[in-house]
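What follows is a pair of complexes built around chain A, which joins chain B in one and chain C in the other.
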Partner chain A sequence: MEMTEPITWTCTGCALLCEDIQVHIKDNKVEKVEHACLKGKARVYGCKHTAISTVDQAEVDINSAISQAAEILEKAKNPLLYGWSNSTSEAQVAGIELAQTLGACIDSTSSFCQGITINEIMNGSIPSCTLEEVREKADVVIYWGADPMSSHPRHLSKYSYFPRGELRQRGYEEDRTAICIDVTQSRTAKICKAMFFSIPPGGDAEFMRALMDGLAGRVPKLSYDFDVKRILELAAVLKKAEFGVIFAGLGLVYSIKEEFDLILEFMSTLNRFSNFSLIPMAGHFNMRGFNHNLHEKTGFIHRVRFTKNGPVSGVEYSVVEQLKHGADAVLVVGSDPLASLPLSIARRLKDIPLILVDPCANLTTRVADVTIPCGASGIEVGGTAVRLDGKKMDISPIVQGDGLSDEMVVRRIMEEVS
Partner chain B sequence: MALDVGKFIKAPEYDIKIITHRDVFQASACEEDRFGDECQEMSALIVLDAAEMKRMGIQDRANVRLTSNWGSVVVRARASPREEQKGMGFMVNSPWVNTLVSDETTDGIPAFKDIEAKITISKNGITGIQELLLL
Partner chain C sequence: MAFAVALLSRTKQYTECPPLMEEDKYQDSRQKLKNILKPMEGAEETGLIIHEELCSGCGNCVVACPVNVANDPHGSGRGFGPTNEKVIFRVENGIVKAANIKECRRFGKDRILCRACIDPCPTEAIEFV
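Let's look at the complex of A and B:
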């Protein structure tokens, strides 16, 4: 078979946004994908069941669905606009403008994911760096409560462990040390071999304090069974690092979220002896973009309500609290809350008017009052996105879609409400 | 006719802490088809320490019911190929495990990685995606 010339594409399968994927297109269809991981390939080939325009679960034309969505949102006293992590920055900005027009709450999946970490990085409390710096300079990398081999499959091969880098010409064999701290021996932990530290669930804060003791030359104390000698050895490795990076996963974030300042204290203790940065393992391709875009507009990264006196932020405006007792209508863009939120919370979506904008039919479409299909970001729709380390990236469409982009859908709704 | 006593004996229940995680194979299968068999097979699954399973009388690939204060689902139990910490079960992020997660939060972040549940052998079939919607 004659092969078409490949085009270079930035993958939107996860927030690593690999920009070196080769895609062969023939007759506006993806023929072959090279360099992408399994997750990236699944993203390129798209979903089997695409969404269709519906109102009350009956098929309608897209204009009627958009009008119905506008009517629902206009009537609502306390609408919530949620999702956004699978949308381009341009769609996110449109969403923020719609929230402002409606006096609505707006929140993203970062609310119960890496938002807390991204906030501290954006306000300068936690030092961070780019993935290119990691590739060129890092000699010690820690995957803490993170399993990139499962969540961001090309992380280790493209940036953090396997490649040669400017200062790391001997690569992983001699120049890099990979450490994993987790509750189970994940795929990433297996690669870290003897540098895998198995801790009990919720044991991260204690482990962090023990490491700080080790760094300061004190004997670490732990309430759970752990070989103190190993902690001292680890502290010695961290002290010697020339360019260290912690990849913070949700295992770490969830475990210490109630005493999150401990990470700040840990980083500053570490940096008295060494040179460490932290990068949050954001999952969805543009989760971080939402935080940046909302911050630019409001000074807050998520959980915002637009009031007459300007935007306010707080836990009461989080998607979880709003779904429990607040929102009286919800617009979801590029997310499947019925699948990704606790059912005890998402169940309420069945009781309030629900609008879903998504390329695919998902669990939430089954209960949505209005469904509006849109082009898949990064496949049929281009724009910009922010990688997990905060770098702004261009993303281009690879095939021509025949529908509206999510940005256009949001803007059409806005035209009808204002 | 002999009386099937086993029918009236309730299968023992054990406490378990469930931790969620991600898996590239499941994520890809569900991205392609959230309603497909492959997505269900890879999602409606709990991985346990093999010795713990033996202690609880749960065979590899047996159906188990997981029940928390928030919901109940039947999933397949699999033995971990390595030794795991005791009293723990691992489930990949999916609507099945989300059925068990508490709605109580003080900070807007549900306890996805700290789910207290009971596990017991089940004669029922695995909870289907359509059934989850009705819960």
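Let's look at the complex of A and C:
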């Protein structure tokens, strides 16, 4: 087979945004992908079924779909703009401007995900670091309620465990300790071997307190059965760390979200004895970008409503609360809420006008009142995105699409409503 | 005994034993040996088998293999995709591929029982038979 000259691409398969992918293109089609994991490869090859423009589930031309979307949003008293984690920052900024124009609520998938952690990092309450620092310096890494081997397959090989770094020249076995704290023996837990700490569901807060006791030299107490000696051994490992990192997964965030201050207390206790940073395991490729972009415009990272007196933020403006009672029209960009939101909440999407902007046909396109197809962000459309550690990354398109980008669709809607 | 050793080190095949192949009384043994050695069909000379259907393309083996690290210290050794052709493992279309297998530390005169690609694999996709 004749080889094509590869293009270096930043993978948008997850928020690790691997920037070393080589893509061979022939006749505007992907021929071969090198270095991307299976998840990244699936991303490069695009949707199984592409979306088509529809109004009331009947095929229309894209201009009619855009006009219908604009009309729905203009008529609504309380529109909600939601999704955004699978879009470039440029599309997200357009979405924020549209929300401002409409006086709408805007929220992203981070609302019930890592938003809370990212907020604390952005306001300086939790110390964080970059993935490059992890590779060059980290000697102790903790995957807490996180299974990157499944969610971000190259996490351990590219940054957190296997590579040789400036201060970690001798390879992972001698130079790094990987620890997993989780409720199931995940793929990541298997790699951590004896440093896997199996806790019961919802047991994270207690384990954290027990670890703080261990750090302070007190005998840890736990209501569930756990070998206290192992906690003391773990505390000793953490104390000795030169550059420690906690990768906080959704398992941890969900488990302690009602008492989230505990993470702050834990980090400051830990850092009295040692040197630890925390990085949230954002999933979708630009989840963190939305938080950064909205923060830049409004001072808030999610759950925002634009009022006459400016932007306000609160739990009442979250996607979950707005869908329960509030929103009377929804624009979804780059998300499949019917598949990803709890059924009790997603059900309400059938009762209110729903507009979907997405490259692919999904569960939500089957019920959407208006569907507007767009070019796939990070494949047909370039731009920028924010990696899970907060680093801004450039993303170049690899194939040429013939449709509008999500940013252009949002801007066209904006032209028609303003 | 010498033949058994040659068989295990893969310098000889069981089909090279004339009595086993020709004499009826060894028919059972022949079948048993065939079954035992079945997993070695398709294996590389070092005995490496990659179960592609299990591989997630995570690259752990790419970065952990000492040959990859020695032959591509600034690429695979640092966590990136390989930057030259001298490596054993690389990921293509989401699945690991092996080449230069003679470089493997399990091969040749000074062979050692290296497991640096087996242990980091989260799905047991790498096996040596």
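One rule holds for everything that comes next: the second predicted complex is superposed on the first by the 418 of 418 C-alpha atoms of A that agree within 3 Å, B and C clash if a C-alpha of one lies under 4 Å from a C-alpha of the other, contacts with A are read in each partner's own complex, and residues count from 1 in each chain.
Criterion: a contact is a pair of C-beta atoms (placed from the backbone, for glycine too) under 8 Å apart; a residue touches a chain by one contact, two chains touch by 3 or more.
Computed from a predicted model, the values in this text were never measured in an experiment.
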item: Which of chain B and chain C A:Tyr172 touches, first, second, both or neither; value: second
item: Touching partner for A:Pro153 - first (chain B), second (chain C), both, neither; value: both
item: Touched partner set for A:Ala42, first chain B, second chain C, both or neither; value: both
item: First, second, both or neither for A:Val33, with chain B first and chain C second; value: second
item: Contacts of A:Gly299 with chain B and chain C, given as first, second, both or neither; value: neither
item: Which superposed partner A:Gly310 touches (first chain B, second chain C, both, neither); value: neither
item: Residue contacts with chain A in the superposition, chain B compared against chain C; value: B
item: Which of chain B and chain C A:Gln22 touches, first, second, both or neither; value: second
item: Chain B/chain C common contact set on chain A; value: 37-39, 41-42, 149, 153
item: Chain A contact footprint on chain C (complex, rising order); value: 55-60, 62-64, 69, 73, 77-82, 90-95, 120, 122-123
item: Parts of chain A lying in touch with chain B, wherever the complex brings them together; value: 37-39, 41-43, 45-49, 111-112, 116, 147, 149-151, 153, 183-186, 198, 200-202, 250-251, 254-255, 257-258, 283, 303, 315, 318-321, 324, 336, 338-347, 360-363, 366-367
item: Sites on chain A touched by chain C in the complex; value: 20-22, 32-42, 135, 149, 153-154, 156-159, 162-165, 171-172, 187-188, 190-191
item: Contacting residues of chain B [partner chain A, same complex]; value: 17, 19, 21-25, 27-29, 31-36, 70-71, 82, 84-85, 88, 90, 93-95, 98-99, 101-103, 105-114, 129, 132-133, 135
